[in-house]
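Order of writing sets the labels: A, B, C and D. Residues in every chain begin at 1.
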Amino acid sequence: MDIFLQNVANSITLGSLYALIAIGYTMVYGIIRLINFAHADLLMVAAYIAFYGILIFTLPWYWAFILAIVLTTLLGVSIEKVAYRPLRNSPRISVLISAIGVSFLLQNVAIVVIGARPKPFPRPEQLVWNIKVGEISFLSLTILIPIITFILLILVMFIVKRTKMGIAMRAVSRDFETSSLMSVDVNKVISTTFVIGSALAGVGGIMWSMQYPQVDPLMGLFPGIKCFIAAVMGGIGSIPGAMIGGFVLGICEIMIVAFLPGLSGYRDAFAFVILILILLFRPGGILGESTVEKV
Amino acid sequence: MLKIEDLQVYYGGIHALKGINLEVPENKIVTLVGANGAGKSTTLRAVCNIVPTASGRVFFDGENITGKSTVDITRKGITLVPEGRRIFANLTVHENLLMGAFARNDKQEIQNDIHKIFERFPRLKEREKQIAGTLSGGEQQMLAIGRAIMSRPRLLMMDEPSLGLAPLLVKEVFKIIRDINDQGMTILLIEQNATAALKIADYGYVMETGHIVLEGPGRELAEKEEVKLAYLGKS
Amino acid sequence: MLSIKRRRYVTIVALIVALSMLAVGCGGAADKGADSDKEPAADVIKIGVYEPLTGTNAAGGQMTVEGIKLANQLYPEVLGKKVELVVVDNKSEKQEAANAVERLISKEKVNVIIGSYGSSLSMAGGPVALDAKVPVIGCSPTNPAVTLDNDYYFRVCFIDPFQGTVMSNYATGTLGAKTAAIIQDVQQDYSVGLSSYFEKAFKATNGDASIVAKVNYNTGDKDFSAQLTEVKSKNPDVIFAPGNFLECGILVAKARELGITVPILGGDTWEAEEFLNQVTQYKDIYFSTHFTAEEPVTEVSTTFLDEFKKAYPDKEVNAFAALGFDTYILALDAMEKAGSADSVAIRDALAATKDFKGATGIITLDENGDATKTAVIKKVMDGKFVYEAKVDPK
Amino acid sequence: MDDRKNIKFILNIVLLLIIGIFLWWGQDNLSAFYIRILNLSAIFAILGISMNLVLGFTGMFSLGHSGFMCIGAYVAAILTMSPASKEIIYFMEPIVPVLAKVQWPILPAIIAAGIVAAIFGFLIGIPALRLRDDYLAIATLGFAEIIRIVVTNTISITNGSLGLKNIPSVKSLWVYWGIAIITIIILKKIINSNWGYAFKAIRDNEIAAEAMGVNIFSHKVLSFTIGAFFAGIAGALMAFLITSVDPTMFRFTFTFQILLIVVLGGMGSLTGSVISAVIITILMEVLRVVEQPFDLFGLLQIPGLPGMRMVIFAIGLLLVILFYRQGLMGTREFNWDYLLDKIHSFKKRGASM
């Protein structure tokens, strides 16, 4: 029983991290139908800014975190301006290649500027401590991250569902042209989307590196792909879907190792198998309606 | 109110508009009729700068608005009900109407206007919280018109509002157009259904492959032999 | 219309110009290489180094290069000629490693090569060197297959079977373990290799049922909670978890966070600041390595230690720097013994290496070209790597 | 026009002859380093054009190339390694008996590598190609990763993460460039056949293509399978060039390098891909300069910057996709007609003056 509860705790930690990052993915994808490959690298950038903020500029951790989120947001918005906006009317393949290019560039600039060697991420003691309940032990983050994820989920849902900008976002996601006929500045709406998405990436990057306290230039690669899978599982474009997808993926990954340790080497393959099955048989994801565009 | 001078548009290599001159006086219904592909939609889209103009000028209230961004143009009081309705299928009826009022900030007035629209289209009221994609064609057309009105435009441009609707609904749509006009809104209407359009229009233009070939008051135009022959399907 | 055609034309011209420049550039570089090879060959001996300076193995590669450079500063000459180091990055990628070795041999005309951290990279470079008959000295590729069937590949480190066995003996002998769990990175030859030798040795002493769990993860994973929970449920006396310091740092820290208190054992890759930083507040973490600063084996060790502290005052002494150091001085020694910088002569001298005193210990190369030498066991204590024991080869 | 045809035929022969002479000369006179780089460019050229067939000519954004390469490399390696080597190298788990005694010559092994990769391409293509654009991209990337993970875990066949070594070494320019040229010719023939027209029709407008009677799905699968076939061949060649393989070689990041080649060369141009494959492979080596530390007039020592090469390539990729989307060649091909026309018009102009 202890083992099972421990595994539940493990699942919650991993699942809520996936969920947090997946929400950012799904925001951006939902509006402009672009797999923002650079999203994964924004995690890395946020982690490094927080890292340098704390260690080099000796900022208190909360300032370092805020700074990291702000700068990551700025970077995310600039990426959209420079690399995606000029391609707004181009084939989707071009934008996708551009996204891959940006991701490639961020990683390699980080390697050149910071170096390829990983660095330990300083965990603020106020946020991270060990909790022991009977035989189960976990970090305070196991509680903190789901709470943050949930708060952000509510916040993002509120923005998208209740505010004027949110309605405009959904309108833009459907139809650029008609939106602009309604006096909606499409560029501004998309920028706002990237503000939210990148800020979420910032938070995600910081949470990720507190949980797995190590930063390196390629650290975004795996969470990036996993969280995209989570977003697809939940129904890409659906914000509660991303949350559910994140948790489901996290739980599945932990449980496959827990119950079938012999197959633990196939853990990543398993995530991809789920992805492909979902794409093929339920492209709307767990929550979404079947909205894959027809020709 | 709207004045178009020698408007030319290219689509890639295709010369779609070959110099259009057109005028829409205040408080009138002006219609632009012509066969499929004559360039009617292109004219409207060029006014809103959705397609770029190669040459020519567009004046609105005497102000040159050629080349201004779509958002700027619509904020000046021009609204287009696009062909095929183009409602936001993923938004509720209510949200669609709110989108129409996007440029406005007067919350109370917006509520009043929504109320008025529901009075005019009771069917929409019933479906207020419903996702717009689930509406029938006719309801969608009502919604598209309602959404356009929500921006309180001074000039309402409509692209084929009767397309794909049952005859009974077509009639209703034209009645609504009349009504709106009666309340003081200027309308530029595009129709393939030339009979009905010319019947309600104060003035009409006939287009053919990028040119305006005929113009005149609506009823007069409807009587002309060549118009009848070409567009009114006289057998 | 015309402008489009002209642009097309311009593009093609630009392309041809670019290509010819490239060709000339390469040719030029080659000529220069050839020139500098003919003329200064009289007074320069070139040692090539191919190491991963970027990519997943970057940290190991960089540490090794630090050691090699240090040795080069200390001993800049051999046979009365200046030694020139040519360092190239292999990006932790195989085809790059093969290119790098080929480049060193045929473009830079090096006499002997050092490298590489990461056995699979060494296996990519090895055949190239074998074809060209240029000897390579490996600093830390521990996979037995590296030197297998390759008369021109040597190494100054011990190999996985030895390392795995050493840790198994240490676990049973000193730590008194009767059961063990293994956590391995299935994508890493190093991790899989060490694990299997550990398993063999451990089963031989403690019986077939003594390995109570064997779980896998993949390079790049960050979450090991499920694997560790599985291991914890089996209550082993020790855990053997060899692998990249990148993943292992997080893994070991996580194990402690989960309340797993039994000793955790690993291999030589753990000796990196990056690993230490992750596990600094924990104890009972042991690993085998090549070198210790606390019990200098030879006088060379002392020299290395002193000089390393002088050259890199803010860095922790590590085995990879020491191994890099040894490869360099071993290369110089071989040249002196051969009395020439001829590659084949160097190879023969290397093959005959016996009781060579290096910073990491006394090195004798066996018939495969592998070093038989003392292994060192270190542990993490008070935020430092501390010398624990020495294990001699049998 | 018959004249023109003859001229073109002769020119083609001459071009091949020139290439042949260059290879013959190069084999004996170029240093092993240049030969290796040229061979590597040949492999990248095959990878580039086979990806271009899928991406540039059929308009399917597949990111699964590294997976098919992986299959090809392993098939070729296992088929050609000597039984003795296999016995030594599979020390974790012995190789499955069926494969233990196999030892094929190189060429059949290369073809087998292509065929096995093509079979996998076919099997993956049938479900995956029901998807489009980014969904297709992410699904194919997923398949490639699954292949790699399976290869890592099936130790008794692939030797797992330990990889394989002692694969027969092939150094001849003739083999690599010979296969590259054959690939180019075959793909050119395909592209100028009815299949090719169907591919391009699908790329430009699926609805229109369907209306014209093109069976969209089967042509997509066809293009994908052909792409996989040549990716497998390239993988086999990679195995023979490096003589050892392991699963980490074939991460999806490798596919991005091929994508770089295709985009820079021009999506939809075979010659573009070949040229950019050669240029990028060479630049990869030439640009090592920027990573080496160097002295500025003995005054300033600029430390080496490992990773700078990849930054340059990333910027290049972005610049091309943002400002010059057609890449080097766009959808054009190098062709004699263009050259002959030029000469012709030049002559005319000369005459009229």
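By definition in this document, a contact is a pair of C-beta atoms (placed from the backbone, for glycine too) under 8 Å apart; a residue touches a chain by one contact, two chains touch by 3 or more.
All of these numbers come straight from a predicted model, not from anything done at the bench.
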Partner chains that subunit C and subunit D have in common: A
Whole-Å gap separating subunit A and subunit D, where each centre is the average of the chain's CA atoms: 33
Rounded Å distance between subunit B and subunit D, as computed from the means of their C-alpha atoms: 53
Geometric centre distance via CA averages, subunit C-subunit B, whole Å: 73
Whole-Å gap separating subunit A and subunit C, where each centre is the average of the chain's CA atoms: 35
Touching two or more other chains - residues of subunit D: 149, 152-153, 306-307, 310
Multi-partner residues of subunit A (at least 2 other chains): 111, 116, 265, 268
Residue list for subunit C, restricted to those that touch at least two other chains: 53-54, 58, 186, 218
All touching chain pairs, where touch follows the definition stated at the start: A-B, A-C, A-D, C-D
List of subunit A residues in touch with subunit B within their complex: 164, 167-168, 170-171, 173-175, 177-185
Subunit C - residues contacting subunit A, complex: 53-56, 58-59, 62, 186, 213-218, 220-223, 225-227, 229-230, 232-233, 246, 249-250, 253, 257-259, 274, 277-278
Residue numbers on subunit C that touch subunit D, as the complex places them: 8, 11, 15, 18-19, 22, 25-26, 29-30, 53-54, 58, 87-89, 93-95, 98-99, 102-103, 105-107, 120, 123-124, 126-128, 131-132, 143-145, 148-149, 185-189, 191-193, 196, 218-219
Touch list for subunit A against partner subunit C, complex: 3, 6-7, 9-10, 13-14, 111, 115-120, 130, 132, 135, 137-139, 208, 211-214, 216, 218-219, 221-223, 253-258, 261, 264-265, 267-268
Partner subunit A, residues of subunit D touching it in the complex: 55, 59, 61, 127-128, 130-135, 137-139, 141-143, 145-146, 149-150, 152-153, 206-207, 210, 256, 259, 263, 267, 305-308, 310-311, 313-315, 317-318, 321-322, 325
